Amino acid sequence: MAEPRSIDIKEQPGFRSIAVICLLVLYVPVLILMIFSLNSGSLVTHWEGVTLGWYGSALRNEEFHNAARNTLIISISATIISTVCATLAAIGMTRVKPWRGLAAAFMVINLPLMVPEIITAVATLSFFALIAGTFGLNFGIGNLILAHTVFCIPFAYMPIRARLEDMDLTLEYAAADLYATPWKAFKRITLPLLVPGIMSGAALAFIVSFDDFTITQLVAGPGQTTLPLYIWNQIRRPMTPEINAISTILLLVSILFVSVSFLIARRRAK
Amino acid sequence: MSGKLMAAVSAAVLLWAVPALADGELHIYNWGDYTNPKLIEKFEKQYNVKVTLDDYDSNETMLSKVRAGNSGYDIVVPSDYTVKIMIEEGLLEKTEPNAMPNGKNIDPRFLNIYWDSGRHYTAPWQFGTTAFSVNTDKFKGDINTLAILFNPPDELKGQINVLDDVNTVMHAAERYAGVPRCGADKASLKKINDILMAAKPSWKTFSYDTITKITSGDVIVTEQWNGAAYRSRQKIPAIKYAYPKEGIEGWMDNVAVLKGAKNLENAKLFQDFVMAPENAALISEYAGYDNGIAGSHKFLPAEFANSPEISPPAGSPTPEFVPPCPPDVVEIYNKIWTNLRK
Amino acid sequence: MTTATLSPTMPSKAALFEAQAVKAGARRNRLLSLPALLIIGIFGVLPLLIICVYSFLAAAPYGGVQWRFSTDAYLNFLFQRDIFDDTLQFTPDFLIIYLRSFLFAVVTTIICLLLGFPTAYFMATRPPAQRNWWVLLITIPFWSNLLVRTLAIMFIIRDEGLINNALLGLGVIDKPITMLYTNFAIQLGLLYAFLPFMVLPLYSSLEKLDFRLIEAAYDLYATRRQVLWRVIIPLSKPGIIAGCLLVFIPALGAYVTPLILGGGVHLMIGDLIAQQFGSGRNWPLGCAQALILMAAVLVALFFYVRNTSGKVQHG
């Protein structure tokens, strides 16, 4: 592909402008939202001047604190559980001889990605209502953590599995040759090589949990308002630029985690 | 090294996550944007109780979450007809608010009401009316008729928000049609159905977010509660609350304790707490409705108590409190409603 | 990909030893997938089975279910007792809502494809260093909060929003153009929400494109247009199908976007299902509606599997 012609033959007319349009469509609305979070006027749509005041009032707002705390408890717990499970599952499904049921297991892991969110949401709601009604069981915020863990697992699983498949097995065999126990070989060889995949998977799991609205809205119980639910409640009230400030904070957290995940993956590619 | 960092971060998160120590907890489930934070703060300080507050947007939403069982809430604030349903269903704790120290403050008008005669279960929270508001900068005609909603003049077509509430809209249509509430009579139901189908193209949105809708300029008319109208007028003075000549709906929200509440004693304290006049005034000051507690008005600004939204002008229709419709009528209502919004 | 493919590169004696070790380890390793499978099984699959059961029960008057067998939920999906003369009649209300959602999902998929394919192709033909940045740029919205992004759209298109204010200020229009709470708003929101879902799978498919084939086509005097339609598009078919599916499925069940941007005038499947669990107070009906949606998704997946059978998919 090093021929001088190669760039030329790859061109298609108009594609560049469409790509630029796509980027504009994706970015202009959120950029405007971010800019208006700096608006000093109290009406959302009239620009009056620059201030960081809305960030101040957002950060001092106790409801926001509670929502942020709930979100972090849920997201961090779901991320840890799902990443551990996904790592184990990825090893159990790649470092093995194909076993009967492997395809089915693979489907189960990916199931949460195939089911529309609204269905998962009402199904989870019915499930927790049933066990609360029948056995008197209510895990409190654990309900949300479990619900989130379910859909975080496939997101954590994908990069870890991809990493395992790309890995050079020679080292693992060499370790086995040198009479390392399977656990030692795993700890000294496989795990260190797997870390970028795990980190990348954990970052993705964190973001999907952090941003989830639909499932959280239906499953959440008392005192379990998360940041997306908080924003939802705010949208339905007279809006001030504070909501833009809070939204911008959420976006920045997502951007941070995507970038981290991306940079780790890129380092891996090198 | 990174392990230590992780440990430090998680320790910080955990510390932050531990709730402040308090004698107890109270989980309140109330309508959105309806509870004065000062009221909660005061209660928390006075009794050293940690309060959590969540909101719902309709009686039906609240009811479905509570009926699912073990919701974890102690206090809910259902409207009149919902209280009746919840008592019949055995969902509420009989806490005898009338016998509480502050029970003496209950306005006699709201003591022997149809939904909880003698106040054995619920304490008054707020009461008001449901009609609609118009931005009179943008519409100059007569607004005191339900025709504004159901047969609007051309300049209002496509500029109307109605509440996403089947009962309110049905009852308003019944008043406009001049037929009784909850009537199972086929001919009148057909009449209502026709009125709604004809009006629907003029409606822009179905939403509870009435203040946002009218103050952001999304609509010119919104079906609204009187207190929300009062608050809308604070933002845009031209917003006027209508008293339609065909009749107006009255409602009352009430503080109730759920059966099996984990924090029963705190919940009872809260019921008593909201019946103290100065606390009832805090509730009204925030949400903008009258509260049914005698002696609370002296803690409220006169400008609020005398506003047209709170004190209707002479000649306005008497608010009508509508008991829950029988199940077969509810079923038909729901069908008309789905058909309307398909 | 599997250990078996690597064995030939090992010395034969070691290979024998390895084969045994791997086999012994394999048994144990299998169990490692158990925690993930258990969690998804109990809290993901079991709930789906529960709503299957619920859909065949009767509704309790104020939400929840009664343990009594009933097919009312499915029957009511298409037929209802007429309000006025009590006969059981075909009532297309729900069907209309499903068709509307279906239409929105199809249009969203098509527009996303029309915009996404050129974008993905353009990305795939950049030098490798640039490509990574493009991927990052498309990935960020993909993972950003949908609610916030929907809010941003709302902010721009409302009657007193930025577009209308700008046009009014410039004197282009003298009355605001109503965009929010219309079908246009829903369509725009869906497009905006799901565009990255189309671009990313297309990109990963186009990135692997063998450009020698394109060169060969040009050598055979193909025009640019012919190269696009006869070579590039057929070769990227798996990516196109994956992208369409990733847009179509979530768009069909979209909940929050239509709710905010549509103003609740016209229901969509997502709202309809959620409503049965809230103000509709008919859980069995909601469950049946969810399962009917699931069936539609399975049909879409079936076409996907049939069209890509034989090829191994990698995310």
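Residue numbering begins at 1 within each chain, and the chains themselves are lettered A, B and C in the order written.
Rule of thumb we're sticking to: contacts are C-beta pairs under 8 Å (C-beta built on N, C-alpha and C of every residue); 3 or more make two chains touch, one makes a residue touch a chain.
These numbers were taken from a predicted model, which means no experiment stands behind them.
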Checklist line | Category of the chain touch graph - line, ring, star, complete, other | finding: complete
Margin query: Which chain has its C-alpha centroid farthest away from the centroid of subunit A?
Written below: B
Next item on the list: Please work out the Cα centroid separation of subunit A and subunit C, and write it as a whole number of Å.
Entry: 16
Notebook entry, point to check: Where the CA atoms of subunit A average out and where those of subunit B average out, how many Å apart are those spots?
Noted result: 37
Item checked: Two or more partner chains touched - positions in subunit B -> 68-69, 207, 216
Checklist line | Shared interface positions of subunit C, touching two or more other chains | finding: 64, 158, 160, 277
Item checked: Overlap residues in subunit A, where contacts from two or more other chains coincide -> 44, 125, 129, 133, 235
Next item on the list: Using the touch rule from the top, collect the residues of subunit A that touch subunit B in their complex.
Entry: 44, 66, 69, 72-73, 76, 125, 129, 132-133, 136, 138, 140, 220-225, 233, 235-239
Next item on the list: Using the touch definition up top, name the residues of subunit B that touch subunit C in the complex.
Entry: 58, 60-61, 63-64, 67-69, 85, 89, 158, 161, 164-166, 186, 189-190, 193, 203-207, 216-218, 327, 332, 334-336, 338-339, 341-342
Next item on the list: Spell out the residues on subunit A that touch subunit C in their complex, using ranges where they run on.
Entry: 1, 3, 5-7, 9-16, 18-19, 21-23, 25-27, 29-30, 32-33, 36, 44-45, 81, 84-86, 88-89, 91-99, 105, 108-109, 111-112, 114-127, 129-130, 133, 146-147, 149-151, 153, 157-158, 162, 165, 169-170, 173, 176-177, 182, 204, 207-208, 210-211, 213-214, 218, 228, 231-232, 235, 243-244, 247, 250-251, 254-255, 257-259, 262, 266
Check: Any idea which subunit C residues touch subunit A in the complex?
Finding: 1-4, 6, 9-10, 14, 17-18, 21-23, 25-26, 28-37, 39-41, 43-48, 50-51, 54, 64, 115-116, 118-119, 121-123, 125, 132, 134-149, 151-156, 158, 160-162, 165, 191-192, 195-196, 199, 211-212, 214-215, 218, 224, 227-228, 232, 249-250, 252-253, 255-256, 260, 269-270, 273-274, 277, 283, 286-287, 290, 293-294, 297, 301, 314-315
Item checked: Interfacial residue positions of subunit C with respect to subunit B in the complex -> 60-64, 80, 83-85, 91-94, 96-97, 158-160, 178, 180-181, 263-267, 277-282
